[in-house]
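Look for subunit A in each of the two complexes below; its partner is subunit B in the first and subunit C in the second.
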Partner chain A sequence: MARWDLRQRLVMLVMLFTFALGMLAMLHGAPVSGASTMYTADFTALLITIGLLAMIFIGAYLFPKWIGADPLLMTMMNFLCSLGVLVQYSISRGSGLYHALWYAIGSILMVVVSLAVRRVKTLRRWWPHLAILAAMLLIAPLFNTVNGAHAHIPIQRVTDAVTGRSIITLSIQPSEGVKILLIILLADMLSGHSWRPDSVWAMGFAVMCVGLLIAEDDLGTCVLYAMTALLMFFAATGSFTLLFTGVAGGAGSAWLVYQNTGKFRTRVEQWLNPFMRVMDDKGGVGLKGYQIAESLMALAAGGVHGLGYGIRDTFRWVPEYSNDFVFSVVCSQFGAVFALAVLAVYVVILFRGMRIAQRARRRFHALLAIGVTALIGFQTFVIVGGVVNMFPLTGVTMPFISQGGSSMLSCMMLMGILNGVYACADQDEQDARAILGQYSAVRSTFIWTTREVGG
Partner chain B sequence: MTKPVYDALSLSLSYLFMALGVAIVLCGAAWARADRRARKAASEPSTEAVGYLKLTGGTSKRVSPKQWFPVPVEGTVGSARACDVYIPSAEIPGKAGRFTLTQVGMLFSPVGGGSVSVNGIAYRVPVLLDEDSRVEWGSLSFQLNLLDGARDLAAARITPPLSDGSTVEEEPSARRLFRLRRGSPLDSVESDESAETDESDESDEIDYPVDTDDADELTESAATDAE
Partner chain C sequence: MKRIRRTAGLITGIFAVMFLCLGGFFTYNVTVYSDRWFADPANPNIIHTDGVIPGSVYDKNGMSLAKSVENAQGDYERVYAENPSVRRAVSQLLGDTEGQVANGVESFMAAYLLGYRAGWTARLGQLFSDEPRRGDNIRLTVDAMLCKYAAEHFPAGKSGAVVVLNYKTGEIRAMVSLPNFDPATDDHAPGSYFNRATNVLYPPGSLFKLITYAAALKELPGVESRTFNCGGRFTVDQLSIVEANGATHGAVTLRQALEQSCNITFAQLALEMGYPAIERQARAFGFNDTVLFRDLVVKDSKYPTTSPTRDDLAQSAYGQGRVETTPLEMALVAATIANGGTMMEPKLLDRASSTASGGLPVGSSVYRKVLDDSRASILKEAMVAAVQVGTASQASIEGYRIGGKTGSAEVSSDKTVPTHAWFTGFIDDPEHPLAICVLIEGGGSGAIAAAPLAQDILREAIRLKD
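== the complex of A and B ==
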């Protein structure tokens, strides 16, 4: 009973948070034209809030019944998604609507993936096809440059009327989809009985993905792939030799990239001296680590309790505040205590993911859960560490909160995998209990039979 | 709404959000802990061993001579780590088979088209293992030892005669409950045709002979009779 009470309490708390934040978003609305000190009520925010509340309820009560999803995981994920949608809405109305749209599509995909995981037992015959698909998806962006990297495929471009420059308004990031393929393929390759030959294929596939990401200059995703693959190998083999070899290889590769890539060297210098004053191209004086410096100032401005939702003064100078630096926005609006609570929610999701991996009866499912958990954990760690200047900044998104359709969809699909593994583990536990019931029934029948015989 | 009013409201609500954030984390952590404890308590009995597989013949690199492998009520056996009875030997398939303790003894079902040799006879179909049955894979030979409770259950397979020499009919629902596909030497791999048919019939999943309602009904009837 205690479990159900806790569920009700948690769902109520998350719904209360979403409702309060949504009401604030509605009151904030948009400035009345010509009067910068007046706000009008925004009923679009009200509609979004109702939708988010419905999603929280469906995730906590209906998805567990329909697809066997984990209610705790769903509630925590919906809390982060609601926060993401409303924070994006505070940044710009279009951004919030865009995020809500991808959240809805991602929820449908999550259900589909969750059901698929319960049915798929092995993908051995599809290994070559999936590996080729992954390679093609990673090679495709090499021919396009977006934001200084070759990680995106532009879908829609507009020409700026003033400058005449071409601006990309919509693009997709194939590496977000390939990370799902990476986890599924590695889990399948490493779960077989003859893991030694299969692990060579797995290693080859992981190295290929990492190599292509280095070629794309997408170092953040490259680090994610490498760490996730390494952890999955360690989970599958239990070999410390392999782990240390992988870490040493990764460190060596990082050194080589540092020596030969100007972009990465610049990132490290910015990380070490973010407030160093340098001359810019136009002869002015700027900060060497402009992005990180602005981010740190936004964090400091938020203080313990934040400046309040919708207050834009503190983060407006932070570059990419809806993508890479969305954690700075959360800190400045809600404060350090709330930001730590958000990080703790990620930790709860990670612990839950590891617990699901422990409960999984099939090796394939266990490795899937480990891979998904590791990926979400590393991604959060890498971006938050970059934003607070713990280590060099890499351009990855914060799961469920950062703006970006590809990121949102991939995160939701990852959660679909976790929920599918959870459902399978639940089913196996129910089977085991049925057997246990049989054992008790057998014992009772035996007593009954011997009594009849004796009588 | 004017901007100063909104700013004051937003700032005051930031304390509420801070408190809610902390409460959500604490509540989520408490739920996760309670769930873990509840599942642990529920799953503990299923880990109980009802017998042992003892290595009696053959050698393997990672299996010690006379090593014992605990056998739970139901599970899988094989050389894959995921198996409930994990025997690290290359001579045993990754998933050699499934076993289930039934009224009539330990039922072993080979899976994946493989076979198992029981008391010198190769089977590709589910076979009942008695106390001291000899199970062989390759050169490795194991002996099954059931614990006291399980041995009693296996003994129930032979219905004792009544005083007038006749035998007691099994309780009908019990017979329906434990409808098993028993293996016999006639179903052994010597007959290729029958083996193929059996292979096609036999899937990885055993049709558990238990209907939960029947099991409850039986338990209740046994309790009534005991009174």
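== the complex of A and C ==
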């Protein structure tokens, strides 16, 4: 019963927070230009809030019953998504509505994925097909340049009336989808009991993905893939030699990239001296790392307790504020203490994910859970560390909060995998209990033996 | 399975460490640097203040130095002090909102002035009100009249700086840099946007002997009872040291060497102690160190020890060669000695609040304990003696115990180029615990040019009851 109480309190807290924020969003009026919107109640915000509260409730009480989802994981995830929707809504009505839409679609996908996990025993037959699919998805965007990288496939273009250049308004980032393929394939390939040729396939596949991402010039995602793959290899083999070789290799290639590419070198210089004055193209004086500098300024404006939800004057200067830099928006609106709390929520998700991996009864499932958790963990770490200038910025999205359909959908599918693994482990455990009855000593002995045998 | 369970536990640990580092880095940087990030003159939040009425800036006695006034068009514009001399005297201290002056109050304390530090109750009120947001008013620790006096009595046509601070609390009473500008008419001379008190580095000259003295007291026990011989000329390797005005001091004790500002004695001391000992003492006073004060930005003073030569070491003992510092730093050295070896954090902000006079004063804080009590009192007595019988005699004020040290820093090997005139000192009086530093660029001798000015300013400060 105690656990139930805790869950109830946590859910109440998250719902209260969402409700309060939603009411503020409603009273504050939709952020349109002009200052006279203060008193117009915004019913879109009310509808969104009701939707979010419903999602939190369903996630915490109904999904565990229907699909065996983990209530703690669901509550934490729904907290981040609600925060994401409302923060995006404070940035602009449109981006908030989009985020809510992707959140809804993502939730459906999550259910589908989590039900699929228990059906899949192995994908061995499909390895070549899936690998080729992944390669094609990563090759496709090489022929287009969006934001200086070749990581997106443009869907919709408009021609700018003033400059006559075409601007891409909608695009897909296939690497978001390939993430999932990477984790599933690696988990399956590495789920053999010993060091077998499968591992060589796994290695080849991981190297291929990372290589194609280097070609795409999408450094952030590349780092993410490499670190996730490395941790999955480490989890499967338990070899520290592998881990340290991997880390050393990573550091070595970072050094090579630093020596040989201008882009990354600029990033490093910006990281070291974001506030340094440099001459810009027009002969004026600009900041060397103006992206980082302005992110830090927005962060500083928020201070300890933040400027308040919906205050937009500080972050409108931050580049990509609804996307990569959304963490500095959170800091400027809610303050440093709340931002730390948000990080703590990510950490809870990570710990829970690893716990699920430890509870899993099959190697495939355990590796799936580890891969998913590692990916989400690294992604959060890489973007938050970049935004607060702990290390050079590489553009990846912040899970659940950053705007963007591809990112939201892939994160929700990853959570679907985690929930599916949790459900399977629960199911297996229940089966074991049903067979052996209620004698706890016997039961634990059985579980212990089956684990030994199974592993 | 067992292996995976174990590695999963390890990976949990890896993530725990990673996120602890991230959280720690984030917390540390936000607490230590966020004011500086926000105060960067390039911050668009300072440049584009539409929708906010910036708060007013008052001096210690409530004189308005800057306020926002509604004009005929209904816009708000910045109006500065009425008296043009006051406007000019505090121009660099106050700074501007256009980013011409680095780290003036108007930009460095913009977080207060633009209301980013207001409490959440005030903020909630603003959320539901149609009124434009109002920033906090701030009251500074400076006395504008003292600033005005210092600026007006500075030698005409010369550049330089004056810093007066309370050594018990660290409150800055005056910070003046010449030449200055008039923010109301934007009448400015070349270089008048620099705050020479904090943002320009100068060779400290003989003022640095205070630090060499302090190092010697620590490193060479019994150094006080020794006598040194000054023959008027002393050759190190290539360098030949001579005294100012060709003087010969003969056999002197360390205290007499400070009184008479004997270069040769201190050069000998430095050669005896070596770089590390002096560097340790200089670092304790804030050289070679990134000083992070909450209320103002100061350029870091330097005591370089790279590629050391004996010539360079000997010169560094009396603040020549590559040693560089700011007038504020030298004022802090005198303040530390006067305050029994404890350096207080220099402070500009007295209080900030949404009302004109309310708010609680910001407390003083100790920046660092630099010297122990006995060394501080020896140095203090030596400085008092320098005013009573030594080179700094022109700084004495009847009825008060004044301590001081003069300096004439060479800026060129060409002897016809006039030296920078320095004076740093203090009033040893519990009623008026003030320390001062005066720098006159190309002012000639510190004893003749800087000490009398310091005397005038301190006398005025006593009259103003600062």
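Convention: the second predicted complex is superposed on the first by the 424 of 455 C-alpha atoms of A that agree within 3 Å, B and C clash if a C-alpha of one lies under 4 Å from a C-alpha of the other, contacts with A are read in each partner's own complex, and residues count from 1 in each chain.
The working rule: a contact is a pair of C-beta atoms (placed from the backbone, for glycine too) under 8 Å apart; a residue touches a chain by one contact, two chains touch by 3 or more.
On a predicted model such as this, the values are computed, not experimentally measured, just so you know.
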Inset, instruction - Report for A:6: first if it touches subunit B alone, second if subunit C alone, otherwise both or neither. - result: first
Inset, instruction - Figure out whether A:348 sits in contact with subunit B (first) or subunit C (second), or with both, or with neither. - result: first
Inset, instruction - Would you sort A:363 into first (subunit B), second (subunit C), both or neither based on which partner it touches? - result: both
Inset, instruction - Return first, second, both or neither, reflecting whether A:334 touches subunit B, subunit C, both chains, or no partner chain. - result: first
Inset, instruction - Return first, second, both or neither, reflecting whether A:75 touches subunit B, subunit C, both chains, or no partner chain. - result: first
Inset, instruction - Kindly classify A:420 by the partners it touches after superposition: subunit B alone (first), subunit C alone (second), both, or neither? - result: neither
Inset, instruction - Would you sort A:384 into first (subunit B), second (subunit C), both or neither based on which partner it touches? - result: second
Inset, instruction - Quick one: classify A:16 as touching subunit B (first), subunit C (second), both or neither. - result: first
Inset, instruction - Considering only the touch criterion stated at the top, classify A:96 as touching first (subunit B), second (subunit C), both, or neither. - result: neither
Legend entry - Residues on subunit A lying within both footprints (that of subunit B and that of subunit C): 24, 27-28, 36, 38, 305, 307-308, 310, 344, 351, 361, 363, 366, 451-452
Legend entry - In the complex, subunit A residues that touch subunit B: 2-3, 6-7, 9-10, 13-14, 16-17, 20-21, 24, 27-28, 36-39, 41, 72, 75-76, 79, 192-194, 305-311, 333-335, 337-338, 341-342, 344-345, 348, 351-352, 355, 359, 361-363, 366, 429, 431-453
Inset, instruction - Over in the complex, which subunit B residues touch subunit A? Could you list them? - result: 1-4, 6-7, 9-11, 13-18, 20-25, 27-32, 34-36, 38-39, 42-43, 45-46, 73-74, 78-82, 93-95, 100-103, 149, 152-153, 156, 159-160, 162, 168, 170-171, 174, 177-178, 208-210, 212, 214-216, 218-219, 221-223, 225-226
Inset, instruction - Would you pull the subunit A residues touching subunit C in the complex into a rising list? - result: 24, 27-28, 35-36, 38, 231, 234-236, 238, 275, 286-287, 290, 293-294, 296-297, 299-301, 303-305, 307-308, 310, 313-314, 317, 336, 339-340, 343-344, 346-347, 350-351, 354, 357-358, 361, 363, 366-367, 369-370, 373-374, 377, 381, 384-385, 388-390, 451-452, 454-455
Inset, instruction - Using the touch definition up top, name the residues of subunit C that touch subunit A in the complex. - result: 1-9, 11-12, 14-16, 18-19, 21-23, 25-27, 29-30, 33-38, 40, 42-45, 51-52, 111, 116-117, 120, 123-124, 127-130
